[in-house]
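Got a structure here, written out as structure tokens. Questions coming.
Naming follows writing order (A, B, C, D, E, F, G, H, I, J, K, L, M and N), and every chain is counted from residue 1.
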């Protein structure tokens, strides 16, 4: 196999597994946050506004972590900075 | 085996395992959120409207994480950007 | 062994294991949601209607995650897009 | 060993392990749902009807997940779509 | 070793391990269901009839999952559909 | 080593490990069921009869799972159906 | 190494590990049952008789699981039915 | 290395690890039983006699599991029945 | 494969897996913090201001940990200081 | 390497790891027993005598399990019965 | 591959994984501390000052542990003291 | 490498890992015992004397387990009885 | 590769992973201690002084454990006593 | 590589990992002990003296376990008794 083929193979396998593992933490964290928000609403229906605001800020923070994984995965799939060295060496 | 065969083999095995692992977190998170929503309704039936609204926003956020995994898996299966380098090198 | 044989072997083994792992999360999530629904009915029998509606929406969302795994597994078994490159290379 | 022998070996080993792993999640989920149903009946004997209806819908949903695993296992054992390529290549 | 010997070895080892793993989930689920049934009887002795009915339906559903594993194991041991291809290739 | 020796070695090692793993689930389930029965008797001594009946049915169901493992292990040790193919091929 | 030596080595190592793993489940189950019995006696000293009867039946059922492992281990060590095929092939 | 050396090496390593793993379960079970006995005495000091009797029977049952492991380990170390076949083959 | 290709392959695989693992801890921590904040608001709606301030400081501290991982990953992908030695040795 | 050297190497590594693993269970069990004893004394200071007696019997039983591991380890290090066969074969 | 390339490869892979693992503990610890601080504020709003002071000292102590990992990672990436020996040996 | 070098290498690596694993159990057990002692003192300050006596006996018993590991590790490092056979064989 | 290169490679990889693993325990312990301190202040604001003193002593003791890891890591990176033997052997 | 180099490599890697693993148990134990001490002070501020005394004795006992690991690690790094045999064999 050529160099490029090996790199394609390993990158593809690693990225799909990484995104699969990487959403585990954010998903569990979101589940916990939403679960608490629902309990909070059930206990204090009149505080719904400030509960929703806190929940949205929290979900945005957790989502940002999943976005980090997604961004690294997309960089590696579409614009891997190390690939240029390899392409130079090959050509 | 040719380069393309190895990549097909590894990509196929990795993607099915990744989607299998990747739904674990979102599924558990959804289970927790729905479970809390049901408890909240049982405790405060008159707050059903705001509970449902919070639950739907939450489920949509968690679903988005599973969609990230699905999108990466589909990109890798149907439009793997790295495959072009390999096909160029082969042809 | 020919290329096609290796790919058949690896795909078959990976898909059955992936579907085996992939139903774990949705199953546990459904168990939790149904469990909470039953407790909610026992506590508030008159809210059964809105509990059932929430439960059905929830189970549908969780089922969708298991369907993602099933769809990827079926695509890979019956219409693997990467297999065409291999078949072209072989023929 | 011939190609067909290797595929038979790997498929057989993978399918029995996959069905063994695949019933773990649904079994635990069913155990939880039935357990909650029994507690709910003990707490609200007069709501037995709606509890049983919810439990049956829930068990059917969970059973469907185990059926997905069983179907993929049976497809792979009896009508593996990828096996035709191998048989063509062999003959 | 002949092809048939390798397949016998792998099938035998995989089936005994699979049945060993496959009863884990159903066993734990049954334990949980029976445990809840006993607690429910202790709390509501007069609801014994409907508790027993729910428990029996539940145990039957869980037992069905263990039967799936057992059936796949017995098919693979006594009537493995893939073995015919191997026997044809050998003879 | 001859074919028969390899199969003997692998079967022996796999069966003892499988029976070792296979009793884990039933044992824990029995422990849980008996534990609940004892608590139920302590709380409702006059319901002992119906508690014992439920416990015995439950223990029998769980024992059946352990028996499945034992039966597969004994079939594989004493009357392995796949061994005939090997003995035919050898003789 | 001769065939018999390899089989001796693997059987010996597997049996001691299997008995080591196999007592884990029954031991934990017994611990749980005895623990509940002690609590039950402390709560209902006058129900000691029926508690002890239930405990003894339960311990006997759990012990039976450990005996299954012990019996398979002893069969494999002293009267392994597959060993005859090997001894025939050797002599 | 001679056959006997390999068997000695593997048996020695397996037995010490097996006894190390095998006391884990009984130890945890004993810890639980004693812990419950102490709590029971603290709650019902006048029931000490029947608590001690139950505890001793329970500890004896759990100890019997550890003895099973010890006996198999000692049989394998001092009087391994399979070793005779090897010694015959060597001499 | 050239040196540069191996380094590209290993770096790419390691970075995507590392970012996938590295967001697990911060995500769970954020989930816990937000969950507590929501409960705190539900219990003390008038202390919302000081709760939000504490939550924001906390989320910023946890985010900083995820940023550490992201920074190391980006350094390694874009400006790996060790790569210069390799490029010097190659040229 | 000579036979004796390999056996020394494997025995040494296995024994130190086995004693390291083997004290885990007894240590946790002792911790639990002592912890319960302290709680029992705090709740019933006047029952100290019978608590201490039960605790001592319990610690002795748990210590016996750790002694089993220690004895097997010392037998294997100082008087390994299988070593004689090896020494005979060597000399 | 040259020596320097192997070291670059291994160092790069190890450092990104180490920082990924190393933030797990501090992140969970921070999550716990912040969670407790929020609960404490909700229970004692007037003690906010001393709660915040304790929280900041605690977060600083936990952050110091993450900094240890970061410092070792940066030393190894930018100023690895062992690399000089290698560079001397190469030149 | 000479025999003695391999044994040194394996013994050194095994002993440091064994002592690292071996203190885990005793440490957790001590933590639990001390934690209970502190709670007991807080609940019954006047029973401090008998609490301290029980705690000291308990800590001594747990420490003895850690000492077993330490002794075996020191024997293996300084006076390994099996090393004499190797030294004899070498000289 | 030269000896020095292999040692550099292994030392570098092991140290970064060790510091990553080594801060896990202290971090979790600190999180627990700080969490308890915050709860204690919320329950007894007037005992803040003695709570802070106990917390600081405790954090210092836990920090000392992380320092042990850091010191060993730095010794191994900067002043590895075993490296002299290697450098002597090389020169 | 020379013998001394292999031993240096393995010892270095094992020691840093061992100290990393070895502080895990003591750290968690300390966290638990300090946490209980803080709760005890919050509940019984006037018993601070005897709580502190018990805590200090406990922390010293747990620290001793971490010291065991540190001592073995330092012995192995600086004065490995087995290294003399190797140095003799080399010289």
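The criterion applied here is as follows: a contact is a pair of C-beta atoms (placed from the backbone, for glycine too) under 8 Å apart; a residue touches a chain by one contact, two chains touch by 3 or more.
For reference, the UniProt names are A, B, C, D, E, F, G, H, I, J, K, L, M, N = ATP synthase subunit c.
Quick caveat: nothing in here was measured; it's all calculated off a predicted structure.
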Chains in contact with chain K and also with chain N, listed by label, are M
With a step meaning a move to a chain it touches, how many steps does the shortest path from chain I to chain L take? 4
Equivalent-chain rotation between chain E and chain C, CA atoms, steps of 5 degrees: 50
Using the average of all C-alpha atoms in each chain as its centre, how far is it in Å between chain I and chain J? 43
Computed distance of Cα centres, chain H from chain D, in Å: 37
From the mean C-alpha coordinate of chain G to that of chain K, what's the distance rounded to whole Å? 47
Give the residues of chain L that touch two or more other chains, as numbers and ranges in rising order. 4, 7, 11, 13, 15, 17, 19-21, 24-26, 28, 30-33, 35-37, 39, 41, 43, 55, 66, 73, 83
Among line, ring, star, complete and other, which best matches the way these chains touch? ring
If contacts are counted as defined earlier, which sequence of chains do you get going round the ring from chain B via chain C? B, C, D, E, F, G, H, J, L, N, M, K, I, A
Touching residues of chain M toward chain N in the complex: what are they? 3, 6-7, 10-11, 13-15, 17-22, 24-26, 28-33, 35-37, 39-41, 43-44, 46-47, 50-51, 54-55, 58, 61-62, 64-66, 68-69, 72-73, 75-76, 80-83, 85-86, 89
Interface with chain K, chain M side, in the complex: residues 1-2, 4-5, 7-9, 11-13, 15-17, 19-21, 23-28, 30-39, 41-43, 45, 48, 52, 55, 59, 63, 66, 70, 73, 77-78, 83, 87, 90
